[in-house]
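Chain naming follows the written order as A, B, C, D, E and F, and within any one chain the residues start at number 1.
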Amino acid sequence: MQGAAIIILVVEDDQLIRDMVADALSDGGFEAEVAVSGEDAVILLQGDQIKYRALITDINLFGTLDGWQVGHRARELNPDIPVIYMTGAAADQWSAHGVPNSILLNKPFAPAQIVTAVSQLLNTGAPPA
Amino acid sequence: MQGAAIIILVVEDDQLIRDMVADALSDGGFEAEVAVSGEDAVILLQGDQIKYRALITDINLFGTLDGWQVGHRARELNPDIPVIYMTGAAADQWSAHGVPNSILLNKPFAPAQIVTAVSQLLNTGAPPA
Amino acid sequence: MQGAAIIILVVEDDQLIRDMVADALSDGGFEAEVAVSGEDAVILLQGDQIKYRALITDINLFGTLDGWQVGHRARELNPDIPVIYMTGAAADQWSAHGVPNSILLNKPFAPAQIVTAVSQLLNTGAPPA
Amino acid sequence: MQGAAIIILVVEDDQLIRDMVADALSDGGFEAEVAVSGEDAVILLQGDQIKYRALITDINLFGTLDGWQVGHRARELNPDIPVIYMTGAAADQWSAHGVPNSILLNKPFAPAQIVTAVSQLLNTGAPPA
Amino acid sequence: MQGAAIIILVVEDDQLIRDMVADALSDGGFEAEVAVSGEDAVILLQGDQIKYRALITDINLFGTLDGWQVGHRARELNPDIPVIYMTGAAADQWSAHGVPNSILLNKPFAPAQIVTAVSQLLNTGAPPA
Amino acid sequence: MQGAAIIILVVEDDQLIRDMVADALSDGGFEAEVAVSGEDAVILLQGDQIKYRALITDINLFGTLDGWQVGHRARELNPDIPVIYMTGAAADQWSAHGVPNSILLNKPFAPAQIVTAVSQLLNTGAPPA
């Protein structure tokens, strides 16, 4: 049942938060693939090796791309991918720069919020994209 | 507090998935009662010994009844029972054969998705049926 | 990361349920602050030491205030605070006495329902209040 | 088809707005019954001659009762009645004093908003209360 | 702009209601195509001349097929078609026999409810089926 | 009651559709202000003379700005403004380029859909932005 893993792409440059999110996902039965920059995230999303079931991204990232741009790119590649943003300072930009049907988690958040957010967006009744 | 158990009926003929679902429910504080066919499920639903708080059913089952039919029967007996379908191949039939306010989980899914799905449907604000 | 705790106010005079809720929240990564009466809860909500991220309250409480009144007071102080009611007998009053966008948990409920309810209400996409 | 009228109770002491709301409802195929105070509204709601299908109420009313109290009373008498509030100044109190699943219309509003609000709340899929 | 008509299939054997619904739709800018039995409705849905944008159906129909069956058939042919049921007596069967994301209108209903119901289901943000 | 007008900004370069939308809004009791390009729309949104209660925009516009960009700019200026997109060909881009809580109307659409869409987004219970 190798192919049965539900792989979530996590984009976060803060190692503490990245590990907390990855651990929470793992406890919920998901598998986290991590990227430390928006550029790395886009390369992974564009690759054809892994089909990510959801994207979880920080907003303020090192490099040129911010999390809003990663979200737009993820949806261009897969219009149905669930998108979750994590931010402490940029929450008020979500209304203008988030994608439809996304969830914003205000930092600090609890591990359970990550797992519930991913599950809520996956549990919609629609067939897989 | 014997009467306090929140019992969920799980209908699945694949033992690996059945055990995974039962374990996930148990970790979330629910109690799973399992049936391996639609016929068995309907007998349990019609019985007056246990009031199930939710139904989780596979679609393609051994025997005459499929999961869509079990869902219809469960709602005839209890119009408010939460219904969750699990399927790998029949997701595109949900729109025509699922019941209102049900959730479809596409296989493979993570244990957390089961627990969140049951909790979402139970946490609606309405009094118990 | 002292300031990172997500503190939830739990109002419940039954110690068994209070401990179950506190444990469930702790497992989900939240921190529970408990009050055993509506009066105590209102004092805590009015204080300026802790900003509670959500309120979870029983309905039938010792003292003058019931859970509906605690909910109204919490929203007067913070219009965006998530509110969750727990009740065995008063569920049919929610429609008349609950606050908008609140969740009612019918007793008995499973620990996972508490964690999902808090997470659902926090995961709305809006900036923190 | 005498009994087929869909009668909506409208509570508003400003005649201009009351007429606008009544006209909008009439254009949409509803029938408005008007009350000019909260006290009159409660008497009508408690009577057994007419079963109102929805309540539309101003907040600041002449007399002792405000619109929030009329809403609570309407739901005590009929837990499923749709409730719509109209207000210019008291919108920020809705979160604390509105009932669950109600709609708040900020004055000024267009006639179409009234008709859509009533229809949205009636079109829920549930059997009539 | 011949192709621009938004055609809704209305299945109703009571002429008074059928005309009321058709008139309401026409006032809202839709075009109603009417069928007086479930059998006729299914023939129209299966035809390739018209792509219906929504189905509005009575439940108790002359002939073999009831409205629940017409709803199932419509969704088998077009998984995204909005479905609206109209009924006086069969509302309590919706939970068991309705399709997901459908709306139930309890008779009697106002013309505005029909127009709002169709618009709500069409205004979802998704691309056309 | 001069200040009571509910003014909606409509951005559309096709005069037939622009007039249809403006007429539908007027029939619903709204007032339409029209712009024929994204650049004109942004100038109006940035002005301080009129507070628009909603934005309705075509996607493919003459000039440099498309409707997605107008939507982003409108939300930067007013995070709570309701946004409605109208498109025939670009619907599949909504998931990547639309703003959260917006509505997409697929052309052709009926006048009632416009009025319902604006009303749905305005009727949220929240205080005015």
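A few points about this structure:
Criterion: a residue touches a chain if its C-beta (ideal position, glycine included) is under 8 Å from a C-beta of that chain, and two chains touch if they have at least 3 such contacts.
All figures in this text were calculated on a predicted structure; none of them were measured in a lab.
Counting the residue numbers used at the interface between chain B and chain C, under half appear in both copies, so the two copies meet with largely different residues. Centroid analysis (C-alpha atoms only) places F farthest from chain B. Taking the mean of C-alpha positions as each chain's centre, the chain lying farthest from the centre of chain A is D. Averaged C-alpha coordinates put the centre of chain A at 29 Å from the centre of chain B. A separation of 39 Å divides the Cα centre of chain A from that of chain E. Inter-chain centre distance (chain B to chain F, centres taken as mean C-alpha positions): 42 Å.
Counting partner chains per residue, chain A has residues 92, 94, 98, 100, 102, 115-116, 120, 125 touching two or more of them. Against chain C, in their complex, chain A makes its touches with residues 16, 24, 91-92, 94, 98, 102-113, 115-117, 120. Those residues of chain C that touch chain D in the shared complex are 72-73, 75-76, 79-80, 92-102.
Residue ranges of chain E in contact with chain F, taken from their complex: 1, 3-6, 27-30, 115-116, 118-120, 122-128.
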